[in-house]
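We just call them A, B, C, D, E and F in the order they show up, numbering each chain from 1.
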Amino acid sequence: MSQRIVCFGELLLRLSAPGRERLLQTPGLEVHIGGAEANVAVSLARFGHDAAVISTVADNALGEAAVAELRRYGVDTRHVRAVPGRMGLYFLSHGALHRPSEVLYDRADSAFARANDYDWEALLQGAAWLHLSGVSPALGAATAQATIDAARAARRLGVKVSFDGNFRGKLWQTWNGDAAAILRQIFAEADLLFADHRDIAVVLGESARAEGEHAVAEAAGHAFAAFPHLQWLASTLRTQHSVDRHTLSAVLASRDGSWHRAPDYELETIVDRIGTGDAFAAGVMHGLVEGMKPDELLHFGLGAACLKHSLPGDFNLVAREEVQALVSQAGFHVRR
Amino acid sequence: MSQRIVCFGELLLRLSAPGRERLLQTPGLEVHIGGAEANVAVSLARFGHDAAVISTVADNALGEAAVAELRRYGVDTRHVRAVPGRMGLYFLSHGALHRPSEVLYDRADSAFARANDYDWEALLQGAAWLHLSGVSPALGAATAQATIDAARAARRLGVKVSFDGNFRGKLWQTWNGDAAAILRQIFAEADLLFADHRDIAVVLGESARAEGEHAVAEAAGHAFAAFPHLQWLASTLRTQHSVDRHTLSAVLASRDGSWHRAPDYELETIVDRIGTGDAFAAGVMHGLVEGMKPDELLHFGLGAACLKHSLPGDFNLVAREEVQALVSQAGFHVRR
Amino acid sequence: MSQRIVCFGELLLRLSAPGRERLLQTPGLEVHIGGAEANVAVSLARFGHDAAVISTVADNALGEAAVAELRRYGVDTRHVRAVPGRMGLYFLSHGALHRPSEVLYDRADSAFARANDYDWEALLQGAAWLHLSGVSPALGAATAQATIDAARAARRLGVKVSFDGNFRGKLWQTWNGDAAAILRQIFAEADLLFADHRDIAVVLGESARAEGEHAVAEAAGHAFAAFPHLQWLASTLRTQHSVDRHTLSAVLASRDGSWHRAPDYELETIVDRIGTGDAFAAGVMHGLVEGMKPDELLHFGLGAACLKHSLPGDFNLVAREEVQALVSQAGFHVRR
Amino acid sequence: MSQRIVCFGELLLRLSAPGRERLLQTPGLEVHIGGAEANVAVSLARFGHDAAVISTVADNALGEAAVAELRRYGVDTRHVRAVPGRMGLYFLSHGALHRPSEVLYDRADSAFARANDYDWEALLQGAAWLHLSGVSPALGAATAQATIDAARAARRLGVKVSFDGNFRGKLWQTWNGDAAAILRQIFAEADLLFADHRDIAVVLGESARAEGEHAVAEAAGHAFAAFPHLQWLASTLRTQHSVDRHTLSAVLASRDGSWHRAPDYELETIVDRIGTGDAFAAGVMHGLVEGMKPDELLHFGLGAACLKHSLPGDFNLVAREEVQALVSQAGFHVRR
Amino acid sequence: MSQRIVCFGELLLRLSAPGRERLLQTPGLEVHIGGAEANVAVSLARFGHDAAVISTVADNALGEAAVAELRRYGVDTRHVRAVPGRMGLYFLSHGALHRPSEVLYDRADSAFARANDYDWEALLQGAAWLHLSGVSPALGAATAQATIDAARAARRLGVKVSFDGNFRGKLWQTWNGDAAAILRQIFAEADLLFADHRDIAVVLGESARAEGEHAVAEAAGHAFAAFPHLQWLASTLRTQHSVDRHTLSAVLASRDGSWHRAPDYELETIVDRIGTGDAFAAGVMHGLVEGMKPDELLHFGLGAACLKHSLPGDFNLVAREEVQALVSQAGFHVRR
Amino acid sequence: MSQRIVCFGELLLRLSAPGRERLLQTPGLEVHIGGAEANVAVSLARFGHDAAVISTVADNALGEAAVAELRRYGVDTRHVRAVPGRMGLYFLSHGALHRPSEVLYDRADSAFARANDYDWEALLQGAAWLHLSGVSPALGAATAQATIDAARAARRLGVKVSFDGNFRGKLWQTWNGDAAAILRQIFAEADLLFADHRDIAVVLGESARAEGEHAVAEAAGHAFAAFPHLQWLASTLRTQHSVDRHTLSAVLASRDGSWHRAPDYELETIVDRIGTGDAFAAGVMHGLVEGMKPDELLHFGLGAACLKHSLPGDFNLVAREEVQALVSQAGFHVRR
């Protein structure tokens, strides 16, 4: 628990239909706590790091439950404030076969979306890394500014900045936010970027022409050119054969020009793909913090992402030993 | 199904903790559809009437599910519109013993709360009664105006107006609505009022001094004096020994000065008290529509309210024969 | 396990709505196995006796499950046949407060109702008691004859006959069975009768005028006069304050003219009242088999019936020590 | 909602074991409403059509629940009668891997099976299509006659007739019905037939020699020759690799001799295959009503069938936009 | 959060049958975390105090889950060690009516029961109070010694000692522990004792003759005489009318001779009585820490205990405001 | 039911997380009864044999439930004793994709593990076969001796001995048992051995060099050479592509030198793999008892094992007709 990693973002309640039912096909909902940045924090805490979340929740039973769930998994929640307002929600129906999963957001005007009064100097005290994602600036002007402020404060204080693109066009549209202009300010402060060619195209005002590994490599080059602080850029590569069956790989680019590609993993009978990108981010950050070599940390991040597909909920509840076992091909026997 | 009864109000999703748990004590929620006026419509449909709901819902899976549930119980939903926006929600934790039940509203800025473009002439076509409640005007200026418009259109068209006070101070405070001024305009159009001395005091600018049957009777006198269209005023009388055990009675006043009090019913081991006031309203309206005598219709209304306490959810899913069996003391043997 | 007790009757599947919901209010059903005589057998097996069931079930997964459940509780099921046909079902919705429980039978034309080819001499081999109930003869001519045959064979073979009236008018009406004539033939063979004044009035062609303990006592006198083999007549006395709260007592009459009344037990917050009469019958039979004195065995039977009210399902899953603890007032402390 | 489609058939309650359990392995059952023709009606209503069901149910809580569920999904149920009797049931245990699913019918002597007094002239008023299936005539002489009457009345009234073969040998055997003779009379009135070479062989008294697309094509030729009203014949083509994994395609033949084959769809990890044939029928009918071209409507029908495999229950609860998205290869990304 | 309260004791997994079922009547178990001292810590944390648990758990998924649940509710768990071994379990079946609840312990040889190597000086650092209970010394020689050591270290360090008698004869018998001798050493260090006349009689070698308030008062006198450090002695007074309905009061004695009795509370339809004594202890400690007057803190403790009866699980999840509302008679209306 | 098969081993309670959740991710556990030898007994009873279990359970509700579950499936449990002590438990979390399933044993010091006072002459009375497994001797010295005694008594009495290696290194380590020496004594008495090259290597003190069919064949040769009573040796061959997808085959060697290999079966979307080895053993024993030829009985055993993968729980609840249908390629159509 040597290095402290601080994640800033919204806590959400996920209300999901049971099994493969449509929303409210039967009258019950399963509840999970999520949020892109909180997912990263939980995974890092499970890997043994001192992970904290900075956020704002509603001062009611829902906000309390969200914070409690983070605490349950060992995340430091002392910097989560509770204020009057509502919690962001999302309703989820898991797809199957050829029927895609559906997310229905009900997060407008949440306590988090309205807040922008964070004392970043104090909040980043003692942190080695700050993790942010593109979801927060997409929520509105207040959180966009808060995210930029956070990134800049981190750079000022010598705290490394990790940023996960997570581009969500629909959220930006709700308030006509200038995604490119805002994200560019954040990219500019990032040491580590989780982004593919589409994210980078948005920010650099280009159009993403091609697909696949090559397109990501080319875009990474543009990113390193545009953002001098940037040291690493990582991205998963996903092929979807059906809603339940994917092939997953990942790539990592370094400022020094090195390019790494992890092996392909076949994901058959996926249990829950929400949060798999966050699991990848946490795995890569774990590797960086632990001083792994690029190939090794990329493989670790990919292994973490693969394992998340096997777990219900948004959090990647695996220990580092489990990721290690996967990447070292320990096999699938029942562990007794 | 001779007479058509139209109810105007918001459809809500109730998300409740299982059993007697606190909210999110375990990670699941039971879902019911409710809303004061919709509850009345469902009960009337179950009693065999042509009951319709006029409302506005979100054009998503949640709004669809709310409408579908009304349709399931035979309510005419052709006048429920779906528009972009969100559905009103409320989270419920059932209390027990000395721990009160808790309702956490998350209904601000719902599709219903923002709507006020109803063509009342068309919507009230063929109706004998219009049922409204004090919840709708409490939601904001738009719904306050819509409710007043509805009541006035009904009077103009010769449609009788039923109004359930349902005073919710907290909702009025969210937008600093002038409850007294607005409610007075609706009371002025009502033929039938569900209200107790506290509701009437709010509207007439008095202060509710005493409690009990006498206080209601006195307030009823004031109401008949103030509102010349008013024909009947009905109210339940409830004594709460604990969260689970109440004594329930009811009173009815007529413009002709008659005063009726129903017998006391002991409610031990209450299953769900949400919607019991709406069950009472539906029972009284059923009695009026069926031409029952005052004592009889009051007793029917009270019987309906008592039975609702035995049923999970907001709706009173009993048939008229079941209410009749209760008020005629048919006993509690297993029906085989 | 010295004495063998054989019970003849139908095995039923009970499909019940969860909690206090109406039937199919939500789309799930809880399943229990029941049947008046099987309930008695299970209770006797739990008390440590060699209890067997004679019956006919459908040769499908449902019949198999019904038999398996009896076997699970230690009942000897070697004399249950599986033949082509259907299983009798009943749907149950638990009432609450003033809303009675409802049973919806779907048992017409079951494999059991159509069967009447039992080799009673063989089946009663080694039995000390045969237990029958009024449900079987009410199902149709075949089972009526089978029940009479069983009772007569038992008498012939020196096997004592226990008969629980269990009068169900609706079942008799489905085939216009002559209840009085048929039941009279069975009463004539009974050593032990579970019946109240209404059952006896049906059989003796009288009309049950009064209610309460006195009425049962008078009817018992008539029964002893009419049926010379009859040694004991037992009945519960139940007052229902609501669906959830009853007062229960019991009476026992002997041919020698003695009359016994057990103390009153208050049953608050009843969990499940189905099968409580069968629990009483099993308790009384246990007392007789064990050679208890009349007051003692009556109290044991009543205690067994009281405990059944606390258990979901049709079976009384209590051990004899638990009944003893209740009748000896051991108190309600948590047993650790 | 321009064209009205009327479906005649039985409503069934499906009682299924949870997950992949055997029947009553644990003591609970999930309940869905189904019935081949009702499934078609629900799907058509979800696609936005004016779909109605003509049927007869038991006048109890089960019949009420079945009708309510159709109403919930927007089906017009005003022509469903409730009469004394029982509801047809079926018990289902989902298979997995190499263990086939099992259906245990308990539908003999249902209210529907005994009814044959329909006023077809009145019931078909305003309809553009009547949909029937081979299940109804297989239930007994009454429903066989009702189905023939319905088909003939439709032809007389200019209502197009759709018929889904759905041959169930076991049902015909229960009453020794002459399937060939009866079905021939219905085939003779059909404009649209869902049938494969085995169905046609039964009706034409031939023996189905070969398998696969060619066999269906040949049989279609025989059908067009034998039945002059027939315009279209459609069938799915299914290969089962295991209980959970199938390959699905479909074919369509027109009287003008054109032959259409849709692409193959891989169905891995099937959720629920009950009702997939009905989903296909509804999709094809939707295409015809909407005036799609043969290839297009066949693909739409197949897409609808594929999506049904992803949904628990008998109903295909997808919207037309979702089928369109599948056939236009919109991909499997989470819809946010 | 000014004062730190440290609780030492075992964390247990409670595996309970659903509803009012017997153990394994159906094949599922609900899981709660408990343990007398941990229950106190959770309640104090919910009241806003800095509450910590000192314990030893198994280093497996069960131990991890137990610790996580404490953390979820804000308890400081940094002093809980994980070592090889097993977790203590208890199986619970909730009683009803006249059927007592049953606890089946499976806690022998747990990781906690075997541990006795605590560095009390370090662990009590900064604490104002140490809370212990009679369960720990009853588990075996190791935990008996650990409890005595803890109490003595606390006294040495000026940390106040709270001790809840919680006498469990069966546990002492498993290792023939000398309860009187061991408990006397702990009583000797206590500032605050939760005990009734039976607990005190065990320790002082007397026999508890009478029952009721007077007996407790007399025993309290003996305790103050025997143990010079003792300042307060508190006890609940419970009358059990049935398993579901109790009357609860409480008494408090001070070294200065004052005697306080709280009002009686009627507990009808109890939800879960496990942990109610711990809720009382936490309430009284809260009152002491907050500087309430004796009558006030006793009433607060009793109110906390009453509210616990309404909540499933071992923890008293109520906030201090809820206890205040009860003792100030705020009523039972739904909180909206 | 001509031949009696007796199985000796421990009954365990399996407490498993729902679906694919981690242990205690949500607070509920599903309960199944298991135990390697009991699994074999249940499967044989389902195939129609007279199967009995000899065991020792705790004399509490858990032990009672374990025995009841065996009885439910028709196993003769008259030789299962209940003594003071605890039941062995195991906690299970089902894996998925690349995350292995996890078993957490909590079975140390169980009532079974401490028992070794069986009267084998009496217990084996009338048996044709005795089935044992390597789990029992691994539990400790008492059960190791009991297993050896049982095997020797069987040989003495002319009862054939079946032994399933089931090598569990961790269990042997808990007491430093000399696995090789103990197992050799049991192997020496076996007529039928379920073992692969690794099991045999342990016993013969060799090291298992190679993998696959050849390695098993070679080891089988060594086993026949070393153990003159041995007639048959059978083993499954399993390739794990992921946690959810395996390929399964099986081999059988006879003393006469014949070698049989069954076809490969693809197991996609495995439901529950626990107990599949026991299902194989039961299938092979069924084949031997029924006098099938080697190829046939091996295929039957493999088919039984395959079907078990489709069923939740430890027991293989399939009938012999279902295994026959699989091995005769009856297909995967819904059975109606």
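Criterion: contacts are C-beta pairs under 8 Å (C-beta built on N, C-alpha and C of every residue); 3 or more make two chains touch, one makes a residue touch a chain.
Only a predicted model underlies this, so the values are computations on that prediction, with no experimental measurement involved.
Shared contact partners of chain A and chain D comprise B, C, E, F. Residues touching across the chain C-chain E interface largely differ between the two copies, under half of the numbers being common to both.
In terms of the distance between Cα centroids, chain C is separated most widely from A.
Taking B-F and D-F together, the pair of chains sharing more C-beta contacts is D-F. The mean-CA centres of chain B and chain D are about 42 angstrom from one another, to the nearest whole unit. The distance from the centre of chain A to the centre of chain C, each centre being the mean of the chain's C-alpha atoms, comes to 62 Å. Residue positions of chain A with contacts to 2 or more other chains are 22, 27, 102, 268-269. If touching chains are joined by edges, the resulting network of the protein chains shown connects every chain directly with every other. The part of chain B that touches chain E in the complex is made up of residues 19-22, 25, 95-103, 105, 168, 170, 240, 242-245, 268-269, 273-274.
Those residues of chain E lying in contact with chain B across their complex are 265-271, 303, 306-307, 309-313, 317-318, 322, 325-326, 331-336.
Those residues of chain E that touch chain F in the complex are listed here as 15, 22-24, 27-32, 60-62, 65, 86-87, 89, 91, 93, 102, 104, 106, 108-109.
Those residues of chain B whose C-beta lies close enough to touch chain D in the complex are 68-69, 71-74. Touching chain F in their complex are the following residues of chain B: 26-27.
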